[in-house]
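See the structures that follow.
In the two complexes that follow, subunit A is the common piece, with subunit B as its partner first and subunit C second.
Right after this comes the complex of A and B.
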């Protein structure tokens, strides 16, 4: 009897060959240089909309990279991304309301709360496999949404306001500040995702994604690794959500638990290529960029329509995503 | 049992192991003792409980009755990966490689999780050389033949430096020559000190390899002893081999 974890063909990453030593310093230096270049370019353009677009795409870089740790590396498809993101957003609101603390402590708190939620959810659900696990995570998002709607302290269904500071020196605007914060979070998240992929944990997650029973049989502590992945995934998705109320100045449950987050968190790694740290980054830039282009030129109502078509196209023509398609051609 | 293993300490002790699936009794009162370095053949008709017993020992199934101990340590309640780290390796009826990893990476995985992460690549190559698969290190499992996939499973088991290897139909579907190749590898592993439980339907392989034979029928152990004596028992002929 085989108990191999069922991974949809579109989630099967391209095969990986023999291990090569991973060099971290060039990655961090390259990421920092790219970050500085982006910052300088947007400062030179000097348009507030540029920061808005940058924030929008980078938020999805964080969200999809976080999702990929459990969904891509381990093959456990999480439909509850919006729930974790909203947990981060509402943690920042609660912290602000209760203590007056600003965004940066809010991000730390969001990571802690969403990470604990990821751990608890993982403990309760990671014995489930395939579609059963996915349904459980979807239920989690619904339960959290219901809780927030009925929680007056955070505004319930009316939503909550956060008054943004007028000035955040040395930044020229709050938009620029938020962009820089999200840029730093994106670099950090991608760096963590990359380090996990190339670590012993990453290799264990890959083994259990391929064949959980065989992984256990050769000494891989599958449940422990899945819990590590679920905690990390939850914490980073919470981090992606923490700046959300500061970004818009107002947050209600419909916005925080938006379907777009749940769909994009899955679609972006899928389109970029799951199982590798670079796939979600590519997917977020491509899909996020397209959605922004559609918002400006036609309507934001087209965003999910675009995601749907992109998914259909990629599932049919490049089921291993952009990265897998290029690797297959080599 | 050879003179060498007669005096060896007990490695695996299964006492009264029983397993049910709903109302179906798959195993009942199984007592098996295996000494360090011993070669045991486990045979029986399909559905007799051989694989269920293996799964109870490896931790894939939790038995309902009885105890299993490896080198004096009780295994009851331990997850498969904990049992693996105690020195229990197994292969599967159908090879179960890590499909997205190269052959070398497949063998590195157990090394990474057994405290042997340092020089894991070199050690994995050593394991592949032992099963004559070093030349296939960069291949993917799907590019391997059936016998090569079996060799890969053995290399992965060797990487665990096991005290006990359970080979669950490791020769199923192989040709005569390929069966001999796997037998040679198992003998080599056994000569290095690893006890082996071989579950097999290929009688030639079992009788050539095993020092002792255990026969299961309908979830019960009906015979345990030297292969020739066991195979000559009327109840074994009746239940498994069929009377001429």
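Right after this comes the complex of A and C.
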């Protein structure tokens, strides 16, 4: 069966002149150049703290970009981001304990396991809409948390240790190595999110976000598209979580299923601008940077307070986020 | 000559304001001349904030005293700290900042295992000497030779932790024949339960109930009822404050009065707990680290507690300071004594000194073992006696938390069974 036979007319490439074809090569080259520039700049600064701040922000770039694929493009708000992230983290731990394999295979395994979980969750929940879908994803995180707490192999409530190597040649430190890995993951995730947005899948997701019944009526395979989005979203969230046990050396369920991950995964795209690949990146850099700055300056539990206030401000004054605000002014 | 105009004054005021704000926001930059900077993350908010705030106050008291004495190595002491928000994910970044940006001379740990563990890889990367506070076997995994833990549990928790509890049980008027063990599923409580199993087996006690529960458990009535129906002579519980509260409430409501009840419950050591539970604590036999009994009246501890208690209410922390604070203060004394002996800030030399030396602190004299734990464990088992209300004054005096074990610190006799007077 040919591809064109199964793709409905609405998902077919736009007629000539309707929209310029998206050019991917300049984006990838630009992103790679930016990544290299960031790496070189931090290497020149020579301060390990820069790598940790970079890692902190980049993990949110991955997480929020992943959330945006289902939540922003398709309009299905996923409250279970922490669950998917923890799935990635615990997959890396299981792989390490069972086979001794290190971080990079752990990331691949995390993507596979969290992607399958996303697919399975999609099958079970994507027929639900609106708040019912959101509640279902919230429940998923609770179910996963309970599973981990009662699973002795990964340490249960006691948590699991990962003794990481002190150095990974040719990197100057393990912190630099983690930063580079997360930088590569962030570029990959943003690239995937951008490619999805400009593809037929992305246009189909946007159609079902605007009006699912109308999209179905004109032949958009909504369930199939949502399953693709849920799988992709789950896999990328798992990828964001896989380096977490290597970052901290120890992981317990409270840390893996932390409220901050679930809240930030939603808040960052909302503040940056949902529905576009750049929105979560802007949101993660602004909000992640602000939270990290608050941690080492004001030094109190103001992180979620800041997130809460920024959400209130943006919902009231700029409901389409920073990107939408700038686009509105043009 | 440059005359000062109103514009210059405005610029000066602006500069001063910015400088002042920066000094407040970046404590590491607000330093006096060449101080010794001690950096740490501490739980000042979140689930561990209660003990975190008490620890910080103890550190601040020590720093003020050290500076009044002329500092350490002739340099003033400065504490550089950040709130870890009881979030392990923030800890590696904070320690990297402390060491690479703030460039502190010494690092000490955050409070408790879940926060210490994420700091270890970062500290090990820089080969810093690391004195931690109340970790539970963290170094069993990392095996770092510059790690030292301020915790009385020692190296071999399995054989030493519950020994005192079962030594006391052997003195019950009717020798015990059965035991029940209940523990929350976390590192510390599970190790405590493992020790209880070991000692019950050693003494030929039949374990009639042995269960764990997840930390999210809120209703303990069915659990306590199940233990009650097994009719154990000795009940050993390993729990954290929220669960300790639920278990004691359930035991009280079900009028469960076994000959011996308690074990390794965390919570009854804290002032808020003692005020809230009052007579429910009566005859509870529980693990503890300090009690103001004559046998523990180490030089300096009474003075420290007096200072601590005058500031505790203002700092909104534990009002009595009978649990973590003396050990937090002693942790700083360890650093001070080691620095004085070594004569300079040299991480390798400090670690070598800590391995080799005995420390004389407000919690007594002790040495560290090869793995950095206390060489001689000192698990106290205290019994709450004569408790008729929630008034905290009595906890400042001897006779309320009577030490039953170990024998060398014993300050009173066992009373049985567990339960409030007249129960």
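FYI, the second predicted complex is superposed on the first by the 311 of 330 C-alpha atoms of A that agree within 3 Å, B and C clash if a C-alpha of one lies under 4 Å from a C-alpha of the other, contacts with A are read in each partner's own complex, and residues count from 1 in each chain.
The rule is simple: a residue touches a chain if its C-beta (ideal position, glycine included) is under 8 Å from a C-beta of that chain, and two chains touch if they have at least 3 such contacts.
From a predicted model like this one, the values you see are computed outputs, not experimental measurements.
Visitor: Quick one: classify A:72 as touching subunit B (first), subunit C (second), both or neither.
Guide: A:72 sits against neither subunit B nor subunit C.
Visitor: Is A:244 contacted by the first partner subunit B, the second partner subunit C, both or neither?
Guide: The second partner, subunit C, only.
Visitor: Looking at the overlay, does A:275 come into contact with subunit B only (first), subunit C only (second), both, or neither?
Guide: So A:275 only meets subunit B here.
Visitor: Among the partners subunit B and subunit C, which is in contact with a greater number of residues of subunit A?
Guide: Counting residues of subunit A touched by each partner, the higher count goes to C.
Visitor: Who does A:54 touch here: subunit B (first), subunit C (second), both, or neither?
Guide: Neither subunit B nor subunit C is touched by A:54.
Visitor: Applying the document's definition of touch, where does A:80 land relative to subunit B and subunit C: first, second, both, or neither?
Guide: In the superposition, A:80 touches no partner, neither subunit B nor subunit C.
Visitor: Please work out whether A:163 is in contact with subunit B alone, subunit C alone, both, or neither, and reply first, second, both or neither.
Guide: After superposing on A, A:163 lies in contact with subunit C but is clear of subunit B.
Visitor: Figure out whether A:122 sits in contact with subunit B (first) or subunit C (second), or with both, or with neither.
Guide: neither
Visitor: For subunit B, which residues count as touching subunit A in their complex?
Guide: 58-60, 79-81, 84-85, 89-90, 92, 94, 96-102, 104-105, 108-110, 112-114, 117, 121, 137-138, 140, 156-157, 159-160
Visitor: Within their complex, state which residues of subunit A touch subunit C.
Guide: Spelled out, the residues of subunit A in touch with subunit C are 47-49, 51-53, 56, 146, 149-150, 156-159, 161, 163-164, 166, 173-175, 244, 247-252, 254-255, 258, 260, 292, 295-301, 303.
Visitor: What residues of subunit C sit close enough to touch subunit A in their complex?
Guide: Answer in residue numbers: 25-26, 44-46, 81-83, 85, 87-94, 96-97, 99-101, 114, 117-118, 120-122, 124-125, 141-142, 184-187, 190, 214-216.
Visitor: Mind pulling up the subunit A residues that touch subunit B in the complex?
Guide: Those in contact with subunit B are residues 2-4, 12-19, 200, 203-204, 206-207, 209-211, 213-223, 275.
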